[in-house]
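Dropping the structures in below, format is structure tokens.
What follows is a pair of complexes built around chain A, which joins chain B in one and chain C in the other.
Let's turn to the complex of A and B:
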């Protein structure tokens, strides 16, 4: 299958997806809406607005420690968001990120006794691969239900979230409960297998983040420079067109959902080994939803995924400081994540169907 | 048995309000994935207002009002601004979890622990004296309103001009438009009403079924309601039957807990497994309104 550069678009040496008007709307909506919304929330909470902003973003800037914690908060978000974006490019919504994250991490916990005696690199690899595979399978359930029975993946992934959470609740309150813990959580990962930091000068970069960045490049390259990626995109742009090209549309979508689940599972294992070291009920503070929000804001454009993940990572990171220093419930981050997507969806909808867009030829309104 | 029925009734009422809330705009072509968020919002407003005012009915009214307003905002976004209904809906649900948890913690930090007003139980004469099933007829007055809502919606949708036009808007909006039907208006008001109904269901869950508000307490019921609508083939009676199935499952999952020393999570997972099963069994055989989820293409 040969591909040609669409007319009117410059052939770039390397093209990881267009940084276009839609991507800009997404990123701008995220930053502007959440920053504006934060002020009244802080006022209502009785916190000095200036202090609030300073604590929120001060947690991620100013010192090398703060920078490392920012990257640590960004890592699971970035990987999950990449996976969800991948599924989104094939025209599917993976709402099941949280379930896939926690089930992936729980798989690694199950393997603690197995990997304990192994060499460090091998042990980590075993956990990472196993967590990814289980996440992949968890996503594949939704994918196969969609393929075989045209079950909406929105409903099935939400239900799979609940089931994953219940499985993990059972495991960490019973068979896998850490010894001597007062609360329900798993045992600790073997300390020699914790993922540390890579030092570049004085800046410490978490290993998980390095892997995440490599994944950004790999996944972008996969999407834009491989046959699989190209077909996946085609399915997302127009299922009808893809079907005319004799592509197995539903199989492609099932595969994308599974792949997306695998990424989330990987994110779970990396978070386990790199940050939390045990799994509890609240292992994921909603990264699956955040990842979806990022994919939706970016509209499947990889260049926008990275800054969005960093921004939401900063919000998450700062929310912990707001919680401990100013006593605010950390959940308001979900409000700051969700509302911009509603605004962006409204803006994009209006831009695509505005009177001006209606006069333009249809080909200009939807950009791959 | 009576315990199962009691739990089932407490579970079915929110599900009925919610599935009717999903059905109404869906028939007109608007896919309200935002149901979950509407419900959570109603639970929050209902719990807070009824606790602070001291009147249960004020809590319900406030929930309906808040649901109507937010429903109208989302309706404007989805119908007139033509936002992607799935995207806007999921994002709204995320935001609703954040907003309700944040504000509930904030209000509790000012007023101390909030406890919604309980009570409001009404007994149907004679029927409530029956053995075993009598418990079904001695319930909160909203529980008695729920079946009336199903009948009313079935009547409006299939026996009145408004219902005919609403369904026409969902199946063939261009035709409806040509016949002089205000497509946007029908979709807008159906969605706004959906917000109010779902919020009422949420308020019932918080005030009557649980008696408290907790973070993300709807726990996927909005999505379960969407499944119920599919299962019920987009008909009020079918949806009510689906809701009954889920309510019984929830009753069993609570009553059977601890049975034979099996982990409670096994039973708690019953409604979710049932949802997966139900949606798998019914998804392919049925199809909804022709224009479900599509942005409006008529301009008036």
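Let's turn to the complex of A and C:
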């Protein structure tokens, strides 16, 4: 991705570097413009514009409960986006988040009978580790196909999404179907293993979210400071350059894709234990793709992933209220998630290919 | 071979039998050759400057119909530029182009084609994802399907030339040779008056070459003017009717109707005797090299592409020794460097570094043991990262972790290296993308030759992009490193440089590396001839040298 645009033409803010002011402004602009563009859409839908915004964001702010539900909606997005960003930094695209989420969650469901009698912490740990490993392996399939057979991971991860969904559909309508359910979904997680909230004063913070935040900090620190992180980054900047520095480019990319899958698998287990408690067809409402959108908007920068995940989480969280209070279609939310991506793409395109960018390539600006 | 631009207007050093055409630098605009015959194409006083680089300087060319005209000159002599001007890709800054006596302005490749100038580029410009027919349609600005008449013309011309080509085959399925044949057919199928072929022969086999020139001759006999760019002197002498030599953007000699001097005479015109006299006094003192080689290569082969297989029978570089690899660019130097720095693995043979097989080294060990200055700075530094990050790449990549304290240290040593290597940038946190090519190269040199302390350094065209003073500074820096015991492989096409700083020189021709011979026994003429693959020329001052490629 980063190698497809000649370096000279790149505008500063989309550069693959440390978090900087111009980059932040770019992403912020995308979010703000998309929010403004929401107004005419609300008018078209016949809804009072003020009401629309109030309902959309009222669901996530204003009460302790709303805040907790925002964090709950954000958790799977944040972890998945973190994983996609990891892959993105190595120059690969993990489009398979949804499949990895659901297969990770299904793994935990498979383990319900095993963990039932175990101590709570051990039981949760077993499910979390198993879900992460299966997600890792699911991602590794795409990674190894890329390494060995040069199969585009964009194609293979999408196909693996289908595979995961079909496998889970089979499981939850047959062998793993919950007893007495009228619809196809798995049995419920052992209630003692549900992830609750951590109370800080009156504010309740979901355990999954706490884990997600710890992961953001640990993974950012690791990739920014470790040799592994730098090698991964060099692979993402230019495969040719990395190869000349004797890095194993394709192995690095395969490993990054697998790690990315592991993160999504973990997101699936945490969502299962923290929120839905069952796995059904619609377990993931598209977190994998949203995670990709977040990673793209963040351009591989971990500090940007966090606020963007919160914003997307708020949109998801508010969508239910839009539906229940204003009768807007659930598809409306897809628009909200899509808009900032489109706006950002337009901004990036403009920054790269505007007449000004063409006339004054960055490589010439500071010529001594 | 890259040589300095000779002083304009001094052609006193030309061989006596070089015929000047009369309307050269004098600026006389004439459309007729000496014999009054109308010229198919005349280039008059064309100049083209890129930034500081003078690519074409008051260039004159007379191209007669019905003849094969050889265009000779070193890399950077201005051949490609004038071809691109004739092909409508560049516009000249000054001068005129006359086609059959009429002044024309060529604004686009399409227009060049309309005017009857067809070019077969060195690297095929056919679009791989399209079929040949679609490529023809695109080039002729035809919307939709290619008319049957053109498709038939292609098939007919291909058959005439003895090529088997289907216009409906997709270009990406064709081999390099087939793409070139398709290019040739496309150039020949119309009624072009002037056909220009930019170095077409290197990818041809010997038999293919014979039939290729027979074909060119047939087309010439139909009255077309043919210009062929080549590096092979013998080929030019045997196959061309007229030869023009370019040097520093200028036509320095033209011989017509097979009145060629000896190969030595042509070579003299290409290189310039004024340049030949230089550099001999600065040679390194001859040394007997004994002891274990730091880098040792035996019988290595690497097949790179259809047109290039690198063969390295033997190469030894000992501590403190500077071994030059001389050759015309594109003879396999890049691949040679990639092998020596441990990026690519040989198909067969052995490369030993510090007495161990290079494949037993880890990436990290290779990084510290081998200094690598590739020809393209983009292979060695990341434009997206800033200067100190690029300078600290070995530490950042191979230390388990670099914390804030270590970062400060690295930044400080980066500052020092920037000053030492005269990297012109506001500070060490400047992004490398914002640096000029020369400064990027300085960053690479600072890291690979100064911040690291490798046992062997492989430099590929290291002085390229540096100004004369920085170049001289670098050469003395390399000698200092060698004196301190570093083994150096110095890949260059610059005769001066090679003979000035190398202890021993090996020549690479078409991917095959010859024996190393002491630089002290070589002169520029001999080295130039060896680089061009000429054997039998008087190449060495010292007759007892044993270098096969140099004898």
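Just so it is clear, the second predicted complex is superposed on the first by the 324 of 368 C-alpha atoms of A that agree within 3 Å, B and C clash if a C-alpha of one lies under 4 Å from a C-alpha of the other, contacts with A are read in each partner's own complex, and residues count from 1 in each chain.
FYI, a contact is a pair of C-beta atoms (placed from the backbone, for glycine too) under 8 Å apart; a residue touches a chain by one contact, two chains touch by 3 or more.
The shown structure was predicted, so the numbers you read here are calculated from the model rather than taken from an experiment.
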item: Which superposed partner A:166 touches (first chain B, second chain C, both, neither); value: first
item: First (chain B), second (chain C), both or neither touched by A:121; value: neither
item: Partner chain in contact with A:245 - chain B first, chain C second, else both or neither; value: second
item: More chain A residues in contact - chain B or chain C; value: B
item: Touching partner for A:336 - first (chain B), second (chain C), both, neither; value: first
item: Which of chain B and chain C A:293 touches, first, second, both or neither; value: first
item: Touching partner for A:151 - first (chain B), second (chain C), both, neither; value: first
item: Partner chain(s) touched by A:200 [first = chain B, second = chain C, both, neither]; value: neither
item: Partner chain B, residues of chain A touching it in the complex; value: 41, 44-45, 93, 95, 145, 149-152, 154-156, 158-163, 166-167, 169-170, 174, 286, 289-290, 292-293, 296, 328-329, 331-342, 345-346, 348-350, 352-353, 355, 358
item: Contact footprint of chain C on chain A as seen in their complex; value: 2, 7-8, 10, 12, 15-17, 225-227, 230-231, 234, 237-238, 240-241, 243-248, 362-363, 365-368
item: Contacting residues of chain B [partner chain A, same complex]; value: 33, 74, 77, 81-84, 86-88, 90-99, 101-103, 105-106, 215, 219-220, 223, 226-227, 263, 265-266, 268-269, 272-273, 275-276, 279-281, 283-284, 295, 299
item: Chain A partner contacts - residues on chain C that touch it in the complex; value: 338, 341-343, 363, 366-367, 372, 374, 378-386, 393, 396-403, 424-426, 430-431, 433-436, 439
